[in-house]
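Look for chain A in each of the two complexes below; its partner is chain B in the first and chain C in the second.
This part shows the complex of A and B:
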């Protein structure tokens, strides 16, 4: 029974991981097209990826956009969460829905809408435009994670800070903020990864000047299908894993202490 | 009156949307160094009272004066209060020492002095050497001590405690009760604490304020509250009691139906209807037919043996009396037996009087 279950689990994971495994193996191929199994093994594709100017500059742009989106989405998410969790005001339900809305709308609809809105104000293919677009789809996530953390904060603890001499802002900075830190970190990382990964909306908004890595990959695939793309995919997977492990360490370690 | 540290006058709090005020025209004064208990059932407004004094809730009207200075408009963080919360509300991300140092830091106390004061505070609450612990590593009692240290280290004008013992188990509760009292004595801080537990209030407080439905029913020393309750609510909320209803026939004497003349303490106009309180443990068994006042003869209906005491229910001509009598190894009353109970006139308290038939309400 136990071995049967283990076998089932192994097969399930194999099935889930199969595309990644295939990509990983193919990335070492030397032929000029994507095929499985590979005919030969080398690191040539990796060398080409790291020498590809288009990839490198797009990677740099994606990282910068991702970091800005992460930071801003967390800041706005914090303010929104404070409003939604702590205050009862008119239009609270409406705001809550607005925050949730991007979850419900298909990316392609958002993309077309954003393009139509950003175009007349001259924000197409600008950093401001792509950052705004990514904020729209990441803020729902940061609001969720921060709201969760904030709801777990005992208000009496904040009151204790106030009574013992902290102004409202100091109490927020010294007590509330450190207590919602896990939510801030989780939200920030999710926002970064979504922005870094996002292709559909970016394709509609960016062109040559601000092309992100996913759009650059898409464009490359239109004309060629060589193992470079597989090698790049492996690099991206490794980056994602690195980020997740880092976060696990950051939040996990704090809990362990 | 000259050295009243805290004076509260006509304090009212009505929460938005509430039909009745949570605190309704409450006033009292508290001398320096005394400990006041706000006692009452849940929802009586005692916690709202405490939170208004702390500055966490803004009063609808009325005044709170501290050292003669009006503080109701001063923001919470500038009032210099120390407060111990019900679930302690310690900062979970800080160590014990950092928790205690928080108020000092807010007041801009220099590092070296902070360390010194935190050390003394830790000694005061018997947490010596535990400064580096995380809050989660402390037991319930230790967290309580840490919360007390945090609020005392800033040498507050007032120490406020919100149900300080309700989160502790019974054994620890008795221990902390004595300890809080001792710390308060030693530091001489004026303190106000909220509780719904009358034993706690009676044993810890210098002064006791009983609240009900937002109103202050009575304020006085624990003895005054227990022995001379002025309202029906106080009489029935604190301790057990037998209530007798009668009509005054003279100074300190009333005619109680079925029982006869009962002598009591208190002023009531001649001929008014009065309610009298007799505590069960103030009733004593006496020889049948022995002379004297306040004799109640009757048949024992029920007995409950409780070790040091025995509770008996006596049906005495028309009234049923509960009496707690001390036990001994000799013969004790049994069910069905005829007994005579007696009570000294000073142990019969007048709790309510109204002029009977209409007009002219008695004092």
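This part shows the complex of A and C:
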């Protein structure tokens, strides 16, 4: 029973990780076309990636945009969550719906709308434009995760702090904030990842000047599938593993998710 | 069954000024990134000017084109089929992993959770490329089968809707797992132990306790995946090799290649309508579940 379960789980994990595994293998090939198994074993494709100016600058742009989006989305999400969880006001139900509405609209639909709005004000293919567009799709996620951890906070703990003489602000800073920290970090990490991974909206908003890494890879894949993309992918995966290890070391991934 | 609320009722009256400070940035962001774009999209779908961003007169042409052309009917059907198939399989394959991660006491839990979510850290474009490597004509599957002399000509696994579906299932599975994990909060081992002590066998415990308690998580996961699947165009486009026509690929085509922005807007509205019906069904199902 137990072995059967473990076998099933292993197969599911294998499916989940299959593209990453094969990309790793193919990255050591240097042929100009896609084929399996690799004909050679070399780091030639890696050398090409690190010499590719377009990939390098797009990577830098993606990191910066992702960090800004993550930070702003968490800040706005925290404020909104406090209002939605802790206050009763007119229009609260409506706002509750509105906040999650972008989450319930296909991103490609939002992409066309954003393109139509950003175009006349000259924000297409600008940092401001792409950051704004990514904020729209990440705030629903940060509000969701932060609201969830905020609702799980036992108000009696805060009341206990107040009874023992803490001010409202101190109680918030010393009791509430540490308790929702996993939600904040989870929200921030998710927002960064969505921004970093996001290709759909970006493809409508950016072109040459502010192209992000996913859009750059997409355009490359449209005419070529050579192992260079595999090598680039492995580099990105290694960076991802570094992020995971870092988050795990710092706060424990279990608590963040 | 009823959901126990965790937070007690908030105080009725607190500083209104503070509330405004809390709300203002979020409302502004929502206005700029959601309300305005959606309003503009709606307006543009009726615009008789090709540069719809700048207004123009009102016309129904684009909707008529979308509704009367049988091509777009097929596109809508393709989109729905893809969304249903992908969300079904992503939840089906993700559920055992999510359930295992939610219940295990293993010291590998952290690592296994990281592994299940790790694909999220890779761009969907990158993983689509991974599936091109696996399912391509000279890819892993065909290459292995030919090396074993099991087939002469490569199987058509990519450049069609099969390839697009397989890739999307894998790409969206981590989201399903995360959504299910978050929705599994009410699972309790004590309840299961109690049921087992009262004589329920494992199957019965699963059927009567674990499954009902994890149903909200399953529904949320399915909805999330459906949303992402029907709005996707990168994977259908790259894996479909230009032969898979879904609303996403057509909207992108009209918006960036043909540059017919009003038609792109009208098709987007059609996608949205299709989509809202699913949301309504989801909410009905969830309400019934809570009764």
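FYI, the second predicted complex is superposed on the first by the 223 of 257 C-alpha atoms of A that agree within 3 Å, B and C clash if a C-alpha of one lies under 4 Å from a C-alpha of the other, contacts with A are read in each partner's own complex, and residues count from 1 in each chain.
One rule holds in what follows: contacts are C-beta pairs under 8 Å (C-beta built on N, C-alpha and C of every residue); 3 or more make two chains touch, one makes a residue touch a chain.
Since this is a predicted model, take the numbers as computed values, not measurements.
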First, second, both or neither for A:60, with chain B first and chain C second: neither
Which partner, chain B or chain C, touches more chain A residues: C
Which superposed partner A:122 touches (first chain B, second chain C, both, neither): neither
Chain B versus chain C as contact partner of A:164, first or second or both or neither: first
Chain B versus chain C as contact partner of A:199, first or second or both or neither: second
Residues on chain A lying within both footprints (that of chain B and that of chain C): 154, 156, 257
Partner chain B, residues of chain A touching it in the complex: 154, 156-157, 159-167, 170-171, 174-175, 178-179, 257
Complex interface listing, chain B residues touching chain A: 54-56, 75-83, 85-87, 89-93, 102-103, 106-107, 134, 150-151, 154, 160
Complex interface listing, chain A residues touching chain C: 5, 8-9, 12-13, 15-20, 22-23, 26, 33-37, 75-77, 79-80, 82-83, 85-89, 95, 98-99, 101-117, 119-120, 132-133, 135-137, 139, 143, 148, 150-156, 193, 196-197, 199-200, 203-204, 213-214, 217-218, 221-222, 225, 229-230, 232-233, 236-237, 240-241, 243-244, 248, 252-254, 257
Touching residues on chain C, where the partner in the complex is chain A: 5-8, 10, 12, 14, 19, 21-23, 25-26, 29-30, 32-34, 36-38, 40-41, 44, 52-54, 93-94, 96-97, 100, 109-110, 112-134, 136, 138-140, 143-144, 167, 170, 173-174, 178, 181-182, 227-228, 230-234, 238, 247-248, 251-252, 255-256, 261, 264-265, 268-269, 271-272, 275, 279
